[in-house]
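Going in written order, the chains are labelled A, B, C and D, and every chain counts its residues from 1.
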Amino acid sequence: MHRFTVGRDPVLDLNLYAHDCIASAAHVRMLHAVDLLSKDSAQGLLNALLLQHQRALDHQVTIFPEQEDGHTALEAALIEACGDDGKRVHVARSRNDQVLVALRLYLRSSTTLISQDLAQLISVLLQFAEQYRDAIMPGYTHMRAAMPSSFDMWAGAFAEGLLEELDALEGLFQRFDRCPLGAAAGFGVPITIDRKLTASLLGFSRVQHAPIDCMNSRGRHEQALLDHACSIAGILEKLLWDLALYSTDEYGFVSLPDAFTTGSSIMPQKRNPDVIELARAKCRELRGLSHWHRELISGLPSSYHRDLQLAKAPLMDGVQTLRDLLAMLTYLIPHLHINAEHAKAACTDELYATQAAYQLVKSGTPFRDAYRQIAGQIGAGSFDASEARASAMHDGKAAQQLASECAQLQAELATAQKRTQARIDADNERLQQIWNLL
Amino acid sequence: MHRFTVGRDPVLDLNLYAHDCIASAAHVRMLHAVDLLSKDSAQGLLNALLLQHQRALDHQVTIFPEQEDGHTALEAALIEACGDDGKRVHVARSRNDQVLVALRLYLRSSTTLISQDLAQLISVLLQFAEQYRDAIMPGYTHMRAAMPSSFDMWAGAFAEGLLEELDALEGLFQRFDRCPLGAAAGFGVPITIDRKLTASLLGFSRVQHAPIDCMNSRGRHEQALLDHACSIAGILEKLLWDLALYSTDEYGFVSLPDAFTTGSSIMPQKRNPDVIELARAKCRELRGLSHWHRELISGLPSSYHRDLQLAKAPLMDGVQTLRDLLAMLTYLIPHLHINAEHAKAACTDELYATQAAYQLVKSGTPFRDAYRQIAGQIGAGSFDASEARASAMHDGKAAQQLASECAQLQAELATAQKRTQARIDADNERLQQIWNLL
Amino acid sequence: MHRFTVGRDPVLDLNLYAHDCIASAAHVRMLHAVDLLSKDSAQGLLNALLLQHQRALDHQVTIFPEQEDGHTALEAALIEACGDDGKRVHVARSRNDQVLVALRLYLRSSTTLISQDLAQLISVLLQFAEQYRDAIMPGYTHMRAAMPSSFDMWAGAFAEGLLEELDALEGLFQRFDRCPLGAAAGFGVPITIDRKLTASLLGFSRVQHAPIDCMNSRGRHEQALLDHACSIAGILEKLLWDLALYSTDEYGFVSLPDAFTTGSSIMPQKRNPDVIELARAKCRELRGLSHWHRELISGLPSSYHRDLQLAKAPLMDGVQTLRDLLAMLTYLIPHLHINAEHAKAACTDELYATQAAYQLVKSGTPFRDAYRQIAGQIGAGSFDASEARASAMHDGKAAQQLASECAQLQAELATAQKRTQARIDADNERLQQIWNLL
Amino acid sequence: MHRFTVGRDPVLDLNLYAHDCIASAAHVRMLHAVDLLSKDSAQGLLNALLLQHQRALDHQVTIFPEQEDGHTALEAALIEACGDDGKRVHVARSRNDQVLVALRLYLRSSTTLISQDLAQLISVLLQFAEQYRDAIMPGYTHMRAAMPSSFDMWAGAFAEGLLEELDALEGLFQRFDRCPLGAAAGFGVPITIDRKLTASLLGFSRVQHAPIDCMNSRGRHEQALLDHACSIAGILEKLLWDLALYSTDEYGFVSLPDAFTTGSSIMPQKRNPDVIELARAKCRELRGLSHWHRELISGLPSSYHRDLQLAKAPLMDGVQTLRDLLAMLTYLIPHLHINAEHAKAACTDELYATQAAYQLVKSGTPFRDAYRQIAGQIGAGSFDASEARASAMHDGKAAQQLASECAQLQAELATAQKRTQARIDADNERLQQIWNLL
């Protein structure tokens, strides 16, 4: 029964403990401000919370199964350190909004970390595009060679897509910029408190007023983060599938570094792209975790239900999985070896058919007629791509344009990184203040 | 075989036809601007497109199964109207980016419509909160009566949550503010075109540069809309579950209007809350449609694959389902009948236990001790709530605070509505210009 | 509002109308048997039901939106044909168990149809294996060439997997072999009826006793069918992915017939494997539909809720999607063109490394040591596969064994087909009897 | 990187280690039988495997992260114990089929355990039905009181539904009754082995012939188990939702024992049904885990890919979650306290309306007219239920019929339990033989 109700909380709550210390410190400062806690009591509690916070950062906290969760563990630590004052800290709040505010801080900090990880991956993709500016390869649609492409175009596309995701994370910060602390059990507290003060101390620009909405947002905010994680993973999945294909002998455009492959237990000749495959699977895993989370938070009336406790596992596993994926790819991309000659040789004449049709268009043939004309030549075996190929090769405009687009992406990335850094700096500064002497 | 490949396209593409006309008009203007189309040819095509656009708005377009999709139907109409010029319009674009840009415009306009629907629902919720400012009822956690709440608090909470969603839709507009037209088959076109011009004509503030990313974003953008739809539906689901419970005889807080209930085929006495149940099911349905969509867009290498064609169905069904839900609730809320006396009577003494504990806290008892003291009184049957109840009733602060919070939500709603209206006005103005004579 | 509550029922219920006629006929015979309906009334109703059944088989039934569903349409038709007797038919049953029993019959007949479709696909796969008994190709693990395989092994594997699924469908027939008719609204009827009689008339070997379980099984049985559909689709997905790869120029083992490919709107040289891609997407679509269904049936207390009405759409779409897939593949497989020489040439020396290691094992070397020895030779470029290759080629045992295994699969298939045919024959015979004169 | 590739394997594989020992013992006996291993070598390996098997049963095995998985750990233990012979054991098999066969045995034993758990829960439900044979309560449809029901009917319904599931598990045993050992890397082994012998030693009645299908069934079989788990959980979810409602003050039919409730951190008067809520959430969690699993096994070409490694986590978490749920409910049901008087009082006159209509039918009124007549009386306030109520109460037929149906369910349960026990006995006997001296 105990195992049934406690579940993975004692481990998962280690992710929340430091955030709970900070939120509790804000709560203590507020209780003092509205005269529900004396200065001495408040200062004693702040000192004890600072100590617990430091222990959390140093990975020295253990939550014992019999304590059930981190919030009970923290309350026990405060009672041990401050006696009766430890019993005073839970006035004007409930376990539920304690969890809510700690989770909100966790969501905010996780999103910041993911932003940093994303920026690093985008950066190595843009460097890769720069490095292989002139390396052409076939572009595929329907998994059939279609038109000339390049490693530059390929890597730049993932950079642009991920930059869209990096910008989209701003929407998450907006969502999370609402302080739930003070919602108590979901119907407010029958006592005067200052919710604006705690909100401001914790770096929120607004209070989430309706206590029932605070409870209703449990899971909603977490799901929004997981939805974004799946969107990011959707881009990475395409990149990984491309690599899985391009690194086969059949395609042969890319060689994986040895550290990313393993042998077979039965076949002496084999090298398998295990890391690519595991990473690809983790993209699907994120969808699975996101769905698991959605199941847990759905199908309930308003307000709090114990069902929601289980939702911490897929959230925290999801954040970790995404960060692992981003780190792994950031490490992999610069180590990819490109077989440029092989890729170039795969750009056969037929890939220049559209180019040839467009040359006819320029001399006045309607496109549909030009299309049929070239198709006829190909069918008859009389198609000569040399002119189309030459014009494509020599004008250099494409490479020039790609370079300019990459430069623009680079500038956008720099802007995003500054935005993230400013957020981190503000967080650090605020954190200093919360521990100030009263 | 034909049925296998065509599927529901001839019906679904009616949602895209008008957008395809607009995007094609922008493409024609651009082709003329870069000297790939003469002024006469371009003007002729614009006239034909305007006619088709008008027919689409008047629901006079039919796409025949043998045409397979709306883009072929439009090309056929242009060839019929303009002869050879109709064959010229497809230069410098591919069927894929034609689909992409039409879908992007569809996503943008759907999001605008959803914003309007949401704003209306929020508005009736705030009116409801205003109307039942003084009507108390029990607040529930774990589906057990917990503390005094009110219909005001209840409705205001959904308004605040939905306002968060309305604001979050801005993130979608940001995502969608990238023009894919010109990506062609996913590797650009080997001819000089002006992508900035088409982007600007269509109201996008930026070009989505990387053609491969344009292809990769097929499904990604649609999924982002469906994710938001599920988040909105998650809030509505709680509202509907509450109504399903509160309207039972066992709770008895709310009566549903007759138009929202139906009889039983076997039991003469029954009135069933069918509309509430169907609406609740549609919240789950949205999660199902979203998941169906995610399956379709996932698990593929980069660039275009025909698999993606199937993703239109869950997208368009999802948009319709969400809009139906919002409209139904906007119609229902003002027709709810509140049994205020019954709800008040359900606020028994025990709901004031926390209030009583806080009164002890005010006189110096640590909260944990006060909590135990009141719990003891309740266990012994000696708990007297009269003082706690009186202080809760008579200070009126809660109602005052709720009124002020609702006023703030009202102001935020007005801001959001202005933002939406500005977007609609800009769209209309741009649309005028696109049909201007060359 | 009407559109909101009626939904797609008037179209979807066409799939249930004939089943409803049959179940109603059984109900009428039972009502007569327990003296709740006179012989004349019963015979008149049977005649009218037979007529409606025939019209359903001839696709001449229309359900008007204002009738809301097929059951109301049928009751209206009976009242029109039989006057007051039409009003008597609904005694001792409820709309809900009318839906339940019609759905149960639909599930049973759909499973029979799927069994037939599956058997046909298995049959063409075994023929394909027979036809390409000697055609070797590389076997892949991790999408890397691993060991020698053959088209025979490849096709035979799908046949064996699908035979497992065909056998597993028996579990569904067991589940569905419970007659829910008589559960009424979920609490039985307060009148004496003969549930065993209706069960037997409808070909069920047992009554589903507990009326609440009858209601609870709404959705559970449908989901079981969809789960099996996904399992089948999981096998087909692998087959289709293999074909998508093997038919690329890069692999080049298989050529698709022209009817299965389409051109590009922009690239004159392209042939795209659209049918393969759409079929692959439909495998994912089935997972999406299954999930959509699961959302709709989940999260509810026991007994009937109107939410369940919506579950008909993903069920019926799912059955159709699976049957389309099976039919398409049954048509495709015999039309595949195998490039046997190309596939043979791809079986390079290294694929025989394990064979070579095993030859060392036979002369006493422990396997791990043999493995390292061969790996060393390959690394050093000194590996000579000729002996291993020769022994693999010339003993013919593998082909012989495969032939014998295919023969066994063929025998199992024949057994399964007889089982299905016996079921169909019994259904037809029973159907004759149900229309017999009283 | 190491953490990325190893994941949770060192912990999860503890669930497979004993099975791997058994399968390896069968492999060793077979290698000896086909003269690939001397008697002494084989006997030495068997002794070492028996020791490892015993250590696994005694929970004394540790798999070190640097060993990556349990199969490597076992091979290392064998080499340590038997020297060169330890290196011989891996001939004629691959890591993949070693995993496959261990998983197959795990699936078989998990299904047996689940069968036992299910049987116990069904048993307590039938006892509960027996205990409350005469206790009536309202039956609900659409969450509105509909007709008279009873605790007997209610519990019996869950028993019947779960018996259907227990029978359906037979389909799983059929699926799992295929021995994959010998598939090697998915293309068989180029050496003569006796697959029938290993199959028979391990208790499989047939060999899974096609090695590619062996690989393809990785995940397919696991998913089938998880699908059944979700179907079972779908029934439990309804039971738990009913309990969540019936145990509220508003319904008041059931009281939960104290051990199943917890207090609130803020509200002194509260008792929350946490265990019911967590159990309800675990029903949804199973759907989430099942979906996560499906994501991982889907979207791949045929044969083995490393992606599949990750699928062990949701499978094993799912099995544990289901078993926890079943155990918890088996413990809870006998401890439920029924408030029989309260439930009886909730059976108001209107619940007898259908009964009253049927009394009119018996005297010749067509049902639709009787229905309207009673509905009219109810509307006018003139409905008198006394006669209907009396006839329902006093004939006792319903209770008698329920008792007889429960007896039948009891008999079916006994049959199922015998079947399970026979399977366990056979497994134990076979296990004895596998360790016999050669």
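Here is the rule we go by: a contact is a pair of C-beta atoms (placed from the backbone, for glycine too) under 8 Å apart; a residue touches a chain by one contact, two chains touch by 3 or more.
This is a predicted model, so every value here is computed, not measured.
Engineer: Any chance you could name the chains that touch chain A and chain C both?
Structural biologist: Common contact partners of chain A and chain C, which must touch each of the two, are B, D.
Engineer: Relative to chain A, which chain has the most distant C-alpha mean position?
Structural biologist: Comparing chain centres, C lies farthest from chain A.
Engineer: How many angstrom lie between the centres of chain A and chain D, each centre taken as the mean Cα position?
Structural biologist: 35
Engineer: Quick one: report the Å distance separating chain B from chain D, using the average Cα coordinate of each chain.
Structural biologist: The computed centroid separation for chain B versus chain D comes out at 39 Å.
Engineer: On a C-alpha centroid basis, what's the spacing between chain A and chain B, in Å?
Structural biologist: From the centre of chain A to the centre of chain B is 24 Å.
Engineer: Quick check: what residues of chain C touch more than one other chain, meaning two or more?
Structural biologist: Residues 90, 96, 141-143, 146-147, 185, 245, 264, 266-267, 272-274, 277, 284, 287, 291, 294, 298-299, 305-306, 354.
Engineer: If you look only at chain D, which of its residues touch chain A in the complex?
Structural biologist: Contacts found on chain D: 1, 3-5, 7, 90, 93-96, 184-185, 259, 262, 264-267, 272-275, 277-282, 284-285, 287-289, 291-296, 298-299, 305-310, 314, 324, 328, 331.
Engineer: Would you tell me which residues of chain D are touching chain C in their complex?
Structural biologist: 36, 84-85, 87-92, 96, 139-143, 146-149, 153-154, 156-161, 164, 167-168, 170-171, 174-175, 178, 185-192, 208-213, 215-217, 219-220, 223-224, 227, 230-231, 234-235, 237-239, 241-242, 245, 284, 287, 291, 294, 297-306, 354-355, 358, 361-362, 366-369, 388, 391-392, 397-398, 405, 408-409
Engineer: Across the complex, what residues on chain A touch chain C?
Structural biologist: 141-147, 244-245, 248-251, 263-264, 266-274, 277, 298-299, 350-351, 353-354, 356-357, 371-372, 374-375, 378, 383
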